[in-house]
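Below, chain A partners chain B and then partners chain C, in two separate complexes.
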Partner chain A sequence: MVTAPPRVTELLAIRGLRVTFRAAGRDVHAVRGVDLSVAEGETLAVVGESGSGKSVTMTAALGLLPENAEVEGSIRLRDRELLAMDERALRSVRGAEIGVVFQDPMSSLNPVHTVSRQIAEAIRAHSDVSRGAAHARAVELLGEVGIPDAKARADDYPHQFSGGMRQRVMIAMALACGPRVLIADEPTTALDVTVQAQIVDLVDRIRRGRGMSVIWISHDLGVVAQIADRVTVMYAGRVVEQGPCADLFDAAVHPYTAGLLRAMPRLDSPAGAELEVIRGSLPDPEAQPEGCVFAPRCDHAQEECAAARPTLLPLVAGGGHAVACHRSGELLDHGRVVPARLGGSPTLRAGADNPRPSGAVDGAPAGEAPAAAAAPAPPPAAEAPAPPVVVALDDLRVHYRGRGSWRRSAAPVRAVDGVTLDLERGRTLGLVGESGSGKSTLARALLGLEKTSGGAVAFGDQVLHTMSAVGLRDLRRTAQMVFQDPAASMNPALRVEDVVSEPLRINRRGSVAEQRVRAGELLEIVELPRELGRRYPHQLSGGQRQRVAIARALALDPQVLVCDEPVSALDVSVQAQIIRLLSRLQSELGLSLLIISHDLAVIRTIAHRVAVMYLGQIVERGNRDDVFGRPRHPYTRGLLDAVPVPDPHRRSRPVPLAGDPPSPVAPPSGCRFHERCAFARPGLCDTTPPPLEEQRPGHWTACHLADEIAASSTAPDPARSATG
Partner chain B sequence: MTAPVITESTPEPANVLRRSRVSRDRTRVLGVVGGVIVLVLVTVAVLAPVLAPYDPTERAGVPFSPPSADHLLGTNDVGQDLLSELIYGTRVSLTVGIVAAAAAMVIGTIVGLIGGYLPRLGAVAMRGVDVVLILPFLPLLIVLAAYLGRSIVNTVIIIAILIWAPTARVIRSQVLSLAKRDYIVAARSMGAGHGYVIWRHVLPKTLLLAIGEFVAATSGAILLESSLSFLGLGDPLQESWGSTLYWAQARGAFLTPAWKWWVLPPGLLIMLSALGFALLGYALEQRINPRLRRS
Partner chain C sequence: MNARRLGLARLGQYAIVLVVAVSLNFALPRLMPGSPLALIAGVEVGEMTPEERAAVTADAGLDEPLVVQYLTYWKSILTLDFGYSFRQGTPIEELVLDRLPWTLLLTLTALVVAGAIGIALGAFAAWRRGSRWDVGSLSFMIALESTPQFWLGMLFIALFSVSLGWLPSFGATTPGVELSGLAWAADVAEHAVLPVLTLSILSIPAVYLSMRYSTLSVLGEDYIRTAQAKGLRPRAVMLHHVVRTALLPVTTVLALRLGWAFGGTVVIETVFSYPGLGRLMYDAVSARDYPVMQGTFLVFTIAVLLANLLADSLYPRLDPRTRV
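Up next is the complex of A and B:
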């Protein structure tokens, strides 16, 4: 049993918690014995992948589990046992002593009431105050969480706020009764990086101001490193490691924690560095393993690991660092650098050119591609001739008709507004930007799924919108798409093999038997066993499903693969597997990849070239190392600064971009970014749109002041000037 | 309600029913009741020649005779056995109801698919649905029946024309939500045409819904058929429950003690069959319709 450091008092302590959901004769073991505690005034981060039981643990603390959940153990708030309380007593604890913020602020707020009314409701539920006083308090709270002009905005409805502002409202509501503990369950997962950074700063400031405790549940180690005092790592319903933030990130002992840290794409690693892959996937929640839950995926597992369950024991070094691993002593002795499997961890060759081998003919199974193609090609040299362009977008525009009244048509939504880009053979283009920047619309327009309003998409000398229906069909075979949510992109009623062979069926390639065989081959290409073809998509894990989606996209031997957020719905340990797979497929098949992501670290790991999109336009594009290493556009800089670095020693970062992206219905005049830009110069930036120019060889930037900004070493404080 | 709390090490199963399960059970009971009613009626219709004591067209006894051992529900004005008439009437009422509802389901599903899947044509189609929905039912029914003439086929056509619109709406809303799913976009990006997408991905998912709508619509169709026949606009050669009532009214049975065996039984049967199909349709809809289905 772990005891908290004696210097502070334990506020909320969970001991031996087990939660089992009983449904239809099947027991789902969501939490299999968790010990954790949070002290007064500290931030505890609970980290884990999906299915680790982190949210269930916190839901249990609030007494909000469904009625088929069986709970064992103890959850104490100060001296009171929460599990022994009846519903009425619990209700006085919830909100008043424990505040909660959930992931999706839109579904947690009632759309038909004003925000001030909802906050006032929370206040009046726990204290006997007048309506007027509660309203005044609500306005005060909205000001505290950084809603500009709180008094005027208090009577707005949730839909009138942006995502980040809504999350601020949720925080205000959670703070309404001055709780001692704030439980934040993935509060920034649904938000853009720039907004995430704002929320992280806000919560940390409020915690210090009020001296309350925060339990921050997250799967994102970067955010955790920025905010946590102590970290608890959960895996499959158990705590595997727990300790002060710095210790954990510097010297993770448990193989799972260490693996997670190495599997995570990060901005501060050397470019083109290897991503380690944690093999396998999360265990079956219905199983009750005897030994260590991580043993089946662990490189250091021995017989004892499978036989006996390791207990969470404090390390000899002390400092509150505890690990549940039989081999923690040995792992610690060898230092943190434990050699992984002898085969070496799989490497990424993202930085290499992977041209399609001329010998590979369309239709030949990918597995038969010449072996030479798999060998890493020499790194791109400046003088090397650029690979041929496969797809070229020329001044592409996609405008949606706005919804006006019946007499007057509204202004169009300019989702994509003049984008010129090209995709080179065998290379990867990464497209980044905040939500609403038009990335997905661009991808759909490229595939001919969206009607263009201007400009052209050209595949070689074929222009998309001039093509006949037959030509379009042919073209769709050359470019295929992988979606963000693999579960949603497959018809749940079809077997996996039917999902994979669907493109063949649609295009009438071969007999049913041949299609089956090809489906099996495709599954093997994406490293899945053929037998999986007989299953249904819902029986697969998230990573397996995304592999199936990739297999399907490869069925027609496309030259171009458009991946819209291919890994953002996946857990970190699985992300690395998919990134590695895409990279391998590219080198073997000579695919051109367009990868869309809001996650800059992912793009940096996999892309050769990068384009940054803001409000429907490209603001910067160039080679990966130029854009990430020497960003010239203030927006790119802001995005990069906002990405949390998984290093607790580097917390003093520049304050990220303020505000939210403006509406694409009425984009700002001049440079679209000038309202949020710290460097904007009145009279220039707000009147003249900057052209996208090749300001450095191969590095295009749309900014009037890029040279000056690069020259000035002392950047102004973006937070102060962004609002002015 | 006690929280399932175990503080130390005394595991004890939490025996609590989820609230939604209670209401699901109630729905199931209603569905079973409806199903039994429908099953009995269908059996009666199929086995009519076996069950009926007399041929309904034959003069089996003295006209206007009250119930007796020979004629359990008495006879009508020409001496035909009323019980036999009702048993054979089940055939007509159910056939008209089911065929009309099936036709309405087909029309409604097609219009719903178009309305949900093709935005331009769909907008036009849905305005058509709106028009049908606001038509005054009974007057139109009478006008159409009088215009088209009295035959069982016309009755089916008239009823189908009137009741397909709600089905179209339900199907359309389902198609609208399906059409935005990623896997439909995925199929389109693979080069699939509209026909393929509708046939392979959209139709299978709307068919169940359409069947639920069909059962519910049958109830309405039976009521409409009875109304038409009662007004004397049904097929004069096919005795249904409605036409039994029509003759009862025409011969003044509503005002004499004969109402107990001449008017009440067909009325109750109409009510019962409408109820049976409505309950079954309700239970099916609760199971099938994603908008009504809880968690």
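Up next is the complex of A and C:
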């Protein structure tokens, strides 16, 4: 219970909220006592990982929880208690006074109705206007959220819009009745970083224009730092810390918040800095711990932490920064000197007065990453001679047949269109680009899972498409893959040990007993206890499942590991664990890694070399420090600029890359990027495709104007100068 | 332009299917055991003299080489001349056209009734998922799905015709009575009640089950949550968002059943001695009456193809994602 005096401008206030789902005699405590509020015209960010209860809290505010949810506490909109309202009264609040934008705009829009109809429906649910008037208003709203040619596009269906445009439609719908509060539940998580920047800008512009309040739910601290006035941090159904955005990022007091900030890969940390890992995983949602919910994972936990629940108290009487931690007083004294925004500072880690509890005490199940086993992050730019090449792609092309009639085929989809790359032994190549750039197709082609249309994939002196079936099978043993969604890539009917040993069974390696022993070893390699082998995949946490996926990929001792978005589906604290695991495995086993990610900060943390892909082609590649520190291609710069910096003091809003990538069926002539490029020169960029040239030693760029752009650009961004 | 080309391509596919189906239709009766000669002549084949046998065979065109028989078959189909029944000597098209209205009366009525009830009950059960109503109706429907047609038909006859004497138990009209106007319509309706009832009841489960499943999956979609978050009334959410989208797969089920409707229903028509296509087909098969068999099968084939075509052209209207 916050003791700060309630402000008169408080618009939506949640007090002591508890939500328990009762199902089959088991209670799941999704929200265990939450206090938060948003003031008129303010942006409140609610930050938390999965299982923190942030979405459930907002669903409760809308009165949309399923029937088996038991809700206690209070949710007030101005002076009205929402939890006491009947269904009819709640309906008049939903959509009219509280608007919502959900995470995935594709699945959140009804595919069989036009977008204008879906917006008009919201208008007509709350006011008595004619169909015509509602439609006209819908067109206006679509224009307001930046849909080009809104009048013509209003009667299109959701699938005819791009992801970013769909999210704009969702926002138009949420704004339809002029709500006082807009709840945005992870609104940019499903979008590309370039589109995310556009949506963040749009919401903030609309909030200012309308004087509306925004509750922005997110796990992404970068976005939060850019947009929030105040931040509420949730963990396991409780608020652990809240306060003004700058206070929180400058001097996070709660060990969870501080840990989260340091676990997050970021573009402005010193290159090669290690990510800190928050050990363990979320508490059992069915348990109702008496003490602090974070105590089992906390380096500062003492006896009182497990015994009594800390209340959310302001650090300074009457102040806005409140923390739920028994030790906040001591941590504050130390914490003031913690420059959390630079990351990697050890101040909040186990100090002399705070010996780290031994593994047996912390109660965390498997999946805990021992901090001692930390692997060195990639070293700075390599001066050493380049290691031998393991896989070489030469002018690789993968074209899919387009949809045509039964007699003539349409133009092919040029998913990968002339890519030359190589993977070096024991090193990591990061591949970045927007969705649809052909990254995943490239990875599958490398593994021989995709029919190539031209060029070659060569493992040493063996060329992939000339190999026999037997040769291919041998080859697959040397190159393995780790997928984005570990849950979807495992047979749910197999035990974990069978999942891990399946490659051995398929290749008839050893007896059943030997395979089982090997499965146990593999689990230990990925830092999981052997006993976990008896469980089923659904009994594991997301991070544990991704470890199992890695163990399976290692079963045949491959030389190459292709990881397609290996941490995208994971929470920030778990991401750091997996990234460190991959680095350690690489240095111990000499693996060559190809890591695909849309998250540039992740790539910067783990990759030695980076390739940037746009519409099926590589536009820039080089050492990590060159590409991130001295990007030469305008697209690379645009991508980097679009990444939100987790620092509320640097709310630079560079013009985000406009628009969406063009279609890979008919790529633009000349430079494929010229339509979105601010520097494009007519008569050159739109006619002549720029070759990928080694314009600087070891740094390849496909841009006619790279030298001019580099010369004319303004002072280097501090975010970049921190690199290398 | 593109859409038209795609439509033409689809018609081409249907034409290919039709040719294959017609050819099978020609071949199948000839692959069945037993000779039709006995039926044509009315005596066992063994009792005929070779001359008699040859005469009968030649008369029916069965002595020609298969290729010639096949081409003759195509020619007759294209000229809408389906020949005569071996057994009754009546032109096939006359037989079929005579029976078709009766069959359609049963099957189409049952289809409409079962479709409406099945969709409503299925959507409602899904909406109240896990409730007593849902569990109860689901168990009942599964029991109904496994009920044999003849059994339910005979039960109704025993109950409504024999014990209660409310409704006639056989035929489509009262024999030997000349009626006209409303009286005739009432008589026809009276005769149709029991077969339509039986057929409807037994067709409900398939529609119910597919609608319930489809509604359940739609209810879990994110856009239903969006609709609720807009503040729509539950009825509006249910009608405009849930049922509207859940109907998509059910439409296909219904359209395909429409095709089957033309084939009549052998068991029901036999139990109620109803003069429909189903019984015509049954009699033709048991008598090895090739031309009648082929005629009825052909009607059936074309009806199924047309129903598929209907489903194909209906789907893009209902689901904009499938439009070209």
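Just so it is clear, the second predicted complex is superposed on the first by the 656 of 724 C-alpha atoms of A that agree within 3 Å, B and C clash if a C-alpha of one lies under 4 Å from a C-alpha of the other, contacts with A are read in each partner's own complex, and residues count from 1 in each chain.
Definition applied: contacts are C-beta pairs under 8 Å (C-beta built on N, C-alpha and C of every residue); 3 or more make two chains touch, one makes a residue touch a chain.
Small disclaimer: the values here were computed from a predicted structure and weren't measured.
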Check: Clash or fit: how do chain B and chain C relate after the overlay on chain A?
Finding: clash
Margin query: A:173 in the overlay: touching chain B, chain C, both, or neither? Say first, second, both or neither.
Written below: second
Note to self: Contacts for A:121 in the overlay, against chain B (first) and chain C (second): which applies, first, second, both or neither?
What the structure shows: second
Checklist line | Which of chain B and chain C A:449 touches, first, second, both or neither | finding: first
Notebook entry, point to check: Which partner does A:113 reach: the first (chain B), the second (chain C), both, or neither?
Noted result: second
Note to self: Contact-wise, after the overlay, does A:95 reach chain B, chain C, both or neither (first, second, both, neither)?
What the structure shows: second
Margin query: Between chain B and chain C, whom does A:306 touch in the aligned arrangement: first, second, both, or neither?
Written below: neither
Checklist line | Partner chain in contact with A:159 - chain B first, chain C second, else both or neither | finding: second
Note to self: Applying the document's definition of touching, compare chain B and chain C: which contacts more of chain A?
What the structure shows: B
Note to self: I need the one stretch of chain C that runs into chain B once the two models are overlaid. Options are 135-143, 225-233, 243-251 or 315-323.
What the structure shows: 135-143
Note to self: Counting contacts the way the document defines them, which residues of chain A are shared by the two interfaces, the one with chain B and the one with chain C?
What the structure shows: none
Note to self: Going by the contact rule set out above, which residues of chain A touch chain B in the complex?
What the structure shows: 22, 63, 66-72, 74, 81, 83-87, 90, 444, 447, 449, 472-473, 476-477, 479-481, 483, 485, 488-491, 493, 502-503, 506-507, 549, 552, 555-556
Check: Which residues of chain A touch chain C in the complex?
Finding: 62, 64, 91-96, 100, 102, 104, 107-113, 121-122, 125-126, 157, 159, 170, 173, 176-177, 405-407
Check: Which bits of chain B are touching chain A when the two form their complex?
Finding: 1-7, 9, 11, 13-14, 16-18, 181-183, 185-192, 196, 200-201, 204-205
Next item on the list: Sort out for me which residues of chain C touch chain A in the complex.
Entry: 5-6, 9, 12, 221-223, 225-233, 236, 240-241, 244-245, 248, 318-321
